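In what comes next, chain A is part of two complexes: it sits with chain B in the first one and with chain C in the second one.
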Partner chain A sequence: MDFYLGLLQIIGVHTLLGLSAYVVLLTGQVSMAQAGFYAIGAYVAAMCTAMFGFHILPAILVAGFLTAAVACVVGFPALRVKGLMLVVATLAFGEMVRLFFFNFTWQVERGGELIGPNGAEGFRAIRFFPENGWEIWHVTGFIWIVVAVVMGALWWIDNTRAGAVLRAVGHDETAAQSIGLNLTAVKVGAMTLGGMIAGMGGGIYAHTVTHIEHLVFGVLLATFAIAYPILGGLGSVFGTLIAVIFIQGFLVEGLRFLGDWRSLLFGALIVLAMNFRPTGLLGERMPRIFKRRTGEKLELKEAE
Partner chain B sequence: MMLTLENLSKHFGGVRAVDDVSLTIKEGEIFGLIGPNGSGKSTTVNLITGLYTPTAGTVSLDGWDLTALPQHSRTSRGVARTFQNIRLFGNLTVAQNLWVAQNGHEQRREHFLSRWFKPGGEHGPDIDELLQFSRLYSKRDVLAGNLSFGEMRRLEMARALASAPRVLLLDEPAAGASLEDAELLAERIRAVRDQGVTVLLIEHMMELVMGITDRLAVLNFGQKIAEGTPSDIQDDPQVRAAYLGSGHDEKMERASA
Partner chain C sequence: MKLSTLVTASVLALAAAPVVAADKTINIAGFGASSGVVGIFGQNSGAAMAAAVEKINAEGGVTLADGSKAMLATEFYDDRCNAEEGISVLRRIASTDALVAVGPTCSNVAEPLFGILQAKVDDAGDTGLQFPVFTDVAIKGGLAGISEWVFRNTPSEATMYDNLFAWIRETHPDAKTIYGGVEEDFAHSRFTWYSVMKTAAEAHGFEVVGEAQWLLNDTNFSNQARGMRRAEPDVVAISAHPFTTCGMLREMDRQRIEPKVLVGLTSSSSLETLTGCANEAEGIIIPTSFAPVNDEAKAAAAAVEAKGGQLDLHSASAWENIMILKDVIEAAGIEGTAESLEEDRRKIRDGLATLTEAPGLLGANKRMPDGEAVKPYVFVNAESGNWEVLHNPGS
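Right after this comes the complex of A and B.
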């Protein structure tokens, strides 16, 4: 049972990571910086609880807002470039963050032991959950409440003008500019929101594993982050969720009997998906069942 | 005085796409801009909307210099356009295409939260009215990418109008349209003008241009070679020689008849 709850936790935090890339991808930007944001969130939230005794909730909020601020600052120069150049620029940023935490040491003494990030050693003993008597299913429940809140918020945004504007910019930047949209503001806004979600996801992640180190937040994680919304499709937030369940639940865990050979399947799957479902598993449109029904007698009205 | 171009030039390397063009378009006017392919008409539109930065010269609206403003600020000052090759948001519905375009001066005053984060605004009264005007109301929840060519053209013009512009720049709105479609288009352009919008029309279809413009200018190799009323232009020997050639004579006469 614990195995499945643990798997649910992984799926939960990866959904947050995937959603952070989803928001940015809506504006047509492929960002490899999400693993970097996730790392910042993880270290900041862990420092808040383990070093300064915060409760987990404010710790995650602090991590989210701080990462959002970093994403906003990074967004201005990074989003001036497009396409492959953006991939390279954001990749470089992600590696910068990783190498920062590779070198970063700042420990304080708490309860007779040194706690805090310790360079290449990583950050050990992030024990908020066990210290406060949270059972594994408490943690799992907590994660999924956060995931539900974030998904709900993004679902809401998708139905507002802000969501339509993100998609408009993603479809045609020249046209978006011609109708009076400030591209920089829209893209940086999406990057900031994405950074916030990744920061919160990272903050939760750090507490579920209790030990984080720079190696985790490398290119592979960034690839996963962007693969989720691409595989799931940009129709709605559920595409990303389904892609995470498919990759983490089925490919990574379900096929464990294949050993490391299953990594090959991952690559093959991406190639297949891009050929057969170029707009993602759930496609580019919102699923019909979720759409509000609009007036029936449209034809009559026009005939007048 | 409304939209003024002063000594406007745009050079791409050695090519003078627009070369020292000055124009004054009056308020409430339908102004035509014609010229052979590659004469700099679209470049002029791109200079007015800010897609290109001019090599020299200025663009101003009511005395306000727009030349240094980015595109999105010009929209809020009242400049809107359509594209020669249609550029819609094919991943959005027809109504959403108009919704995202509500970036006019008045519309920007709406409270930040209700402007950006209130769902369902794509079915607001302004948008409905515009959709009925463009005969697209029954298609309002269809993805713009699934429209027919004529519907796309109508939607693009409606989208340009969604920001409640003061100047509407139409870049070949009748390209690919039948004569009947062009007549309906002419009706819509007049209706737009009657609501106080100034129209700059770029068009190859002479029947349309000669029929509805109050004045027009002719470009050739980036330079303005004539300006005046449709009848002035049709009688201008330089225009006939340099641009229209003999093949167009009958067409011009049919249009003026």
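Right after this comes the complex of A and C.
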């Protein structure tokens, strides 16, 4: 049972990472900075609990808000460019963050031991969960409450004017600008929200693995972050969740027995999935069941 | 007629009893990187474990608490040298009937993995996983101290390099300066240069005249080699895995850098280095806890080769771990039933914790109170495409 709960933890944390990229992708921007935001969240939340004795909840909130602030600052100059230039710019930011933590050392003494980031050696003993009596199902429950809150919030945004604005910018910037939308504000807003979600995800990740180091937050993680929503489809938040389950649950864990062939099959299955479902596993549109409910609500509003 | 049937049935049942007992299986799981850049380490460990298990089973298996015999079984899980996957793999192993796990390969997996285990045994306030892990490959110093459920059979690099530099000082009195080359982004290689090699070299009077850094995925070493050439060091120490060690050695050869002594990282005393750059690696000296220097080591190497692997200092530990675990299983009174699984795992842990000495392929391994080991070692050097023993400090 613990194994499946552990797997649910991985899926939950990666869903947050994917959702952070999903928000930015809605505005038509491809950001490779999500791994960098994830790293900032991981280190900040870990420092809060391991070095300063915070509870996990304020720790991930601090991580989320701080990462959001960084994402906002990064968003302004980065979003002046678009397309491939933005990919390069955000990739450079992600690498800059990774190399910052590669060189970042700040340790304090707690219980006779030095705790904190130690450059390339990483950050050890982020043991809030086991040290505070959290059983594995507590941790899994906590992660999925956070995932549910984030998904719920994004679902709500998607069904409000804000969601329509994000999608309008994503579909056609010129048309969006012509109806008076402030493109910079929309894009930076999406980047900030994405940064916050990635920061919270990173904060939780650090506590599930107990040790983090710069290598984890490289280009591969950034690629996974954008692969989840693209593979799942941008129709709704559920596409990202489905893609994470497909990749982490099936391709990574389910095919482990294949050994060396797993990596080969991994790529082949993703290519195959994208060929059969070019707009993502759930497509670009919202699943019919949710659409019907949303449609009913809209009809009710119109009737009122 | 009925009586004869009864007697026959009784005799058959009695005869079958030991067979039924021998049908018991004790599972020991292996895990590590068996795919990816460092996949060869995991593949060798898997082969070494399989060969050791086969040898034990051929000799009758292990004796359980009730005196019955059980066969050993092993299965190897791939974690791709990824921390998240390593944790998932260990949780999966813990959900099977395996009594103990041997692994992982990578230190960057070992560190988080050991962190999810209960730090202190019997600490009711710590909900970490309670499962014994007996590490064979992940060699970065001091990791066993993270949890009392962790034991390592990896050599002490601090001891080995300290003695190596003492020996170099003695045999090359004219060598005064050293230049370090380090694969900066790999936990083991970085730790070994900055905390082990450099410290040992300085302690034995070598002056560090420079350091060159590169990354695991680097393929161009010209700048690093240029800095090295300018410094004209007497000794060059390369703390990197076979793939970039070969890259650097080729560049050193191209730029005609010829130090008096060339020192390598323990993990590079493997077949990969010789396959990748036998000519350029000629003369490189590496301390290692395995070399086929006696009959037992030679037999083990042959058995592992028959399983498709190679025995080096890492996979030799995997072989030794299985042999040590056999002794622990027999001494600890393992019952080997589904009901006694948790208790058996604890017995294995306690059994490993009480060991002060364990048999190894090069001689007795000292078991330390913190779960680490101090193993016998030799200095090998690359000579005509083979690793040859240059010096045996224990002889």
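Everything below uses one rule, namely that the second predicted complex is superposed on the first by the 290 of 304 C-alpha atoms of A that agree within 3 Å, B and C clash if a C-alpha of one lies under 4 Å from a C-alpha of the other, contacts with A are read in each partner's own complex, and residues count from 1 in each chain.
Note that contacts are C-beta pairs under 8 Å (C-beta built on N, C-alpha and C of every residue); 3 or more make two chains touch, one makes a residue touch a chain.
Small disclaimer: the values here were computed from a predicted structure and weren't measured.
Asker: Quick one: classify A:Phe65 as touching chain B (first), chain C (second), both or neither.
Answerer: In the superposition, A:Phe65 touches no partner, neither chain B nor chain C.
Asker: Where does A:Ala162 make contact in the superposed view: on chain B (first), on chain C (second), on both, or on neither?
Answerer: So A:Ala162 only meets chain B here.
Asker: Should A:Gln177 be classified as contacting the first partner (chain B), the second (chain C), both, or neither?
Answerer: first
Asker: For A:Phe100, decide between first (touching chain B), second (touching chain C), both and neither.
Answerer: neither
Asker: Could you say whether A:Glu253 touches chain B, chain C, both of them, or neither, answering first, second, both or neither?
Answerer: The second partner, chain C, only.
Asker: So in the complex, which bits of chain A are touching chain C?
Answerer: On the chain A side, the touching residues are 1-3, 6-7, 10, 102, 120-122, 124-127, 129-131, 133-136, 208-216, 252-253, 256, 259-260, 262-263.
Asker: Show me the residue ranges of chain A that touch chain B in the complex, using the header's touch definition.
Answerer: My answer: residues 156-157, 159-162, 164-165, 167-168, 170-172, 174-183, 284-285, 292, 294, 298-299, 301-302.
Asker: Quick check: in the complex, which residue numbers of chain C touch chain A?
Answerer: Touch list, chain C to chain A: 34-36, 39, 77-78, 80, 83-85, 87-89, 91-92, 94-95, 108, 111-112, 115-116, 118-119, 125-129, 146, 184-185, 187, 190-191.
Asker: Given the complex with chain A, which residues does chain B contribute to the contact?
Answerer: 49, 51, 70-72, 74-76, 80-81, 83, 87-92, 96-97, 99-104, 115-123, 132, 135, 137-138, 140-141, 143, 159-160, 162-163
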